[in-house]
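Look at the two complexes coming up: subunit A is in both, with subunit B in one and subunit C in the other.
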Partner chain A sequence: MSGHSDFKLFLEFSAAITGYSQFQLQGTGQAELYFSTLIEVVGAGVVSEMLGVYRDIASHEYLDEMLKQHIFADARWGPIARNVIKLWYVGTWYQLDKFPNAVDFKRIVSPIAYTEGLLWRTIGANPSGAKAPGYGSWANPPTIPPT
Partner chain B sequence: MAYAQVPLRNVVDHETASKILYDVVIVGSGVAGAIIANELSRNGFSVLILEAGPGHDFTIPGHEKNLYRFYSAVAKDSNAPYPATPNARMPRDFETKKLVNGAPDTSNSYFVQNGPFPLESTYAKVVGGTTMHWQGSTPRMLPDDFMTESNYGQGRDWPIGYDEIEPYYQMAEREMGVSGDVESQKDLGLRFAGQYVYPMQELPLSYLDKQVSEGLHGAQVSLDGEIYSMSVRTIPQARNGVPNPKYDEGKGYQPVGAVNTHQTSLGERCQGNNNCVPICPVQAKYDARKTLAKALGNNALEKNISSGKRIDLLYQTVASKVWIDPATDRVSRISYKAYGALQSSEHKSGEVRGRIFVIAANAVETPRLMLASGLPSTSGLMGCNLMDHPYLLAWGLMPKPAGTFRGTQSTGGIEELRSGSFRRNQAAFRVDIHNDGWGWATGSPYSDLLDLVDNQNKFSKDLRSGLVDRLSRQLLLAFMVELPAIKSNRVTVDSRYCDALGNERPAITFDLPDYVKAGLAYSRQISRTIFQRLGVEDCTHYDPYGEVGFGYFTFAGQGYLFRGGNHFAGTHLMGHSRNDSVVNSWQRSWDHENLYLVGAGSMCSIGTANTTLTLAALSFRSAEQILKDLTSTSGT
Partner chain C sequence: MNLSRICTLVDLKYYLACALQLEHATIPPYLTAMYSLIPGTNTEVARILRVVAVEEMLHLALVANLLNAVGGEPNLLSKDFIPDYPAYLPDGESEFQVSIEAFSPRALDTFLRIEQPSRKHSLVEGEAAKDRPYYTNLRALLKVDPNVPRLAFDTIGDFYEAIREGFKYLYLTMGPALFKGDPARQLTPEYYYSGGGKLLPVVDLRSAFDAIQLISDQGEGYEGHIFGHEGELAHYYRFKQIQYGKYYMKEHCQQGHNDDHPPTGPELDVDFNSVYPIKPNAKLRDYPEGSELRAAAVDFAMSYNEFLGLINKAFNGQPALLMESVPQMFRLKEKAQALVRNKIPGMENLHAAPIFKLPK
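This part shows the complex of A and B:
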């Protein structure tokens, strides 16, 4: 999957919407799984089309504004992009359509997707039940990574 | 550090077990059953334990399977890590629904809910019982809690008092490995013998606790003419910390690590995984498998080998009927249904025999089994007096990031209002400061992520700072409110509603008296005082139409919502005679002299203490009496 022509673009796009670097995203070990999950549910053509929209605005000076206009406010791309954020943050695919089908239903895409969720590191915590911070660590002020 | 080694040699099959007359047959492998099993087998008596749930997790890989099941679960409820089977169902939080037009909910939840309030409390069915997913809080009950009827005209007095149970509290604290600070518990009126200290030093307060403590400093409230100063103190808990060198008159304490079949270095000190409920990944938290491992190890004792006395465990074996010999009124045997595959109801039936029988299946399943066996007891109180702790939750945002979502789920609490003259008029309470945010109340952190992404349209760095702002400042106060024994709150069975094996499901009838509603309402008032003092933005709201709206009620014109506490008790309570109670103070059935019903079901009140420590203490006390029974009848 990492050889897929859109994979690199998917990583760039993910970095732009999550606020984490591609290096950090790759470090979760989940990038390929998230990319293949996305393709499985919405189809390779749709993913490619959305990433194409992103590619066209990627080098814009005001990227966040462009993302709002062309991705998040778009009836087709908005829901998908928001789902990609949730995948990265809590490892969960949230059902997109009103009715579930064989691939589009709420699930944690892998046990490690849960423990690698970005949400926990964002708030200087560990995923509940994994990556033990150590005895007494909770007594100190939190170390919240700068954005 | 010791680890809890499980010897593999004690595997017995149903056919072999059914041919043995055991000294004691125990139903349930939770903390009560495990303690009694260990006490009896180490003293040279044969024991058979029946466990309804699966029992494959006596090893680290088995435990990790549960952990990965938890990681993968979308609904991370208390039972999410444990294998589910329709043959031995566990109540699930998310099965609880609002009753429609007040009609009982007989649908596909495990509990038949008669109302008026459906109860969302749960327990586990797996080797080790509900200690697999308990939080591990082990406060003692206050001396006052044992005589609320005499002192406050509420609930029922126990036939025994605090001082009679105190030595057994010490045994339970040793067995479960309690970390805590005796001095701060003494302030609450608790008496400890001699120079007693807990086996391990108190777990450090969280940074969040300390922020609350600083903000509270000197806060006073007046109630029923008395002044109470509120402060934050550590919660005693059955979780490995730093052993106290002063323990046991200077002998110290050796913590018990993870359960496994061979040496392992897991399970030493609490690592702050923030996940005590539903599963401690490093097994720093006590669970009854640690005691079961010791108990099963008694098969290697010289005296047991030479006498042929064994301790055996049969899992996936559901006790289905208790049989009474009409000539003697003694229990003669227990029928079981044993299943193989978790998802198939195919099963084998059989019977087991013993000289003494102990039902330790928990305060819902024990009366369920007795009632399904047609044994309501002479007093008719089997299943009555169901207690649980209703919780009132209050939540808000601290002025600054407080590092929420770190550490053991609760390290500190506010306990000054656990007793006082006000108990004549309203229920007492204890407050836990939650280190795991608003999760219990709102579904945080997931609900916050969805709100920020879907409604507030945050992404990238704005999302990150939004999450810090919303999550790291979260403060949740959980008010555990006492509920006295009330006869009409009860567990019953109804042959119309059975599980996959044809065993009757428990039916729950549950209401809150005004005495408790007044305590819940006052809790909300106190939460406002605390929040005002701390400068907390109060975000509490109680939605009668929300997912947990079934706990909504109004009191004195205001709306409140209570949650279940998972502390079932009272359903075979102890007393002075066969007419006023189900068991005596040793938890022996008044009606059947070779039958013990043990656990929180024997408790006449639960005050504002989590029930496990007290039921563990009672188990040690009962084990002493059972040993006497066995010794006095050993020739027969």
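This part shows the complex of A and C:
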């Protein structure tokens, strides 16, 4: 499987497990970085294999249930998929300890990854210390976008 | 003999209405170029574009003050207020058009032309401007005398010089009655921050001159000097720094140096490749029907127009609404950034761009 189609699948997979659309995920500007971070730690072959599992269930009528069974309940894919969710939501790679290599340590993967975390838009707030929302805006209620 | 091009209060209001369009017309191109920069790269370019865009917003507010001071009514909602890019600037410059496009050498060249210092050319009458519909519409709306020539200025500085002359001429004939606007409609300094200059209320000839001077100084510099008399670098020279990839140093800019003097300071990082390749002057029809991208572009345009509606109210007697508009600006930024980070389906290597005006 080529890197290009793996990336497309990664986006589709990410949309399915985060609840955000591919447009919104691309809108963070972090998609390529998260994809390359994942590959760097667990290896392209493992990523390909996991995305293959996803591809086989992608068009299933009960996708959420299929994801639970085949990805999240799976000893091999579960921790990786959860890490992908965390990457998108808080911009942080959490140490897995399953792939002993020098890049598997807890870190915010880029300064922008922190500010672009889905966490902030999910709670309708700006990331602490970044994306200042304007003087006096703290008097307004959070603006949680309609889902 | 009266050398002023502005002879009546109606002429002055017409010029100021054009100035309002002019100041606004520069903002979407500057903002879009800034949004096109890949985060974490070109940080100094982003800072320069941000400062210039914020100061253009200040100029927009200053023009609203000038117009309100003479009893006019700023209107940001007329159908021609937002240009159809690519567009000529509303002061009648005819040598170049302004586009909504990614940061590039070409965009930088346009920005330098926008902020070009006055060359003190003799003004030509506006044959070139004749086919631009907003002149006709605006003139009809304001009942401008048909003998008043259409705007055709060589630079923004020349345009504001004409406005300054107009204020002077009308003050000589009308006296303080020229400033008959309600002072409560003035936007005051507490509504502006995060940029150079000051939001000056306009209530008399002195404050009108100060507001005009500030607009010209921030754009093209003060009488050909690279640094303004408040020590701020004019927009033209900020862009020159990007062009040369070097900073101007105050101690190297002696009096008498003009715009031919290249910067001599430390290097400034410019990376034209770290930019999202957005489609220049993208239109809604470029985005596939039914796509999320198209919905997001419509949402941006509607939010932008809603935002203009809010500041229009602020400019027309409710200045406190400007505070509410600030969080809207940040939300617009988020929406625009999401657009430029997405590719246009079916156009393999082109990214989307914000659209500021929806098609009729």
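As a convention for this text, the second predicted complex is superposed on the first by the 140 of 147 C-alpha atoms of A that agree within 3 Å, B and C clash if a C-alpha of one lies under 4 Å from a C-alpha of the other, contacts with A are read in each partner's own complex, and residues count from 1 in each chain.
Simple rule for what comes next: a contact is a pair of C-beta atoms (placed from the backbone, for glycine too) under 8 Å apart; a residue touches a chain by one contact, two chains touch by 3 or more.
Just so you know, these numbers come straight off a predicted model, no measurement behind them.
Once the two complexes are laid over each other on the shared chain, residue contacts for A:S5 go to neither subunit B nor subunit C. In the superposition on chain A, A:I85 contacts subunit B only, with no contact to subunit C.
By the document's definition of touching, of the two partners only subunit C reaches A:G29; subunit B does not. Of the two partner chains placed around the shared chain by superposition, neither subunit B nor subunit C is touched by A:S59.
Set side by side, subunit B and subunit C differ in how many residues of subunit A they touch, and the one touching more is B.
In the superposed pair of complexes, A:Y114 makes contact with subunit B only, with no contact to subunit C. Of the two partner chains placed by the overlay, subunit B and subunit C both lie in contact with A:Y135. When both complexes are overlaid on chain A, the residue A:F72 reaches subunit B alone and has no touch with subunit C.
Touch criterion met: A:T122 reaches subunit B, while subunit C stays clear of it. Across the superposed pair, subunit B and subunit C both touch subunit A at residues 110-112, 132-137, 140.
Of all the residues in subunit A, the ones that touch subunit C in their complex are 21-24, 26-29, 110-112, 131-137, 140, 143.
Residues 38-40, 193, 292-293, 296, 323, 326-327, 329-331, 334, 337-339, 341-343 of subunit C are the ones that touch subunit A when the two sit in their complex. Within the complex, the subunit A residues that touch subunit B are 16-19, 64, 67-68, 72, 81-82, 85-86, 89-90, 92, 94, 106-108, 110-112, 114-115, 119-120, 122-126, 128-130, 132-142, 144, 147. For subunit B in complex with subunit A, the touching residues are 67-68, 70-74, 203-207, 210, 241-242, 269-275, 279, 281-282, 401-408, 411, 435-436, 445-446, 449-450, 453-454, 457, 459-465, 467-468, 471-472.
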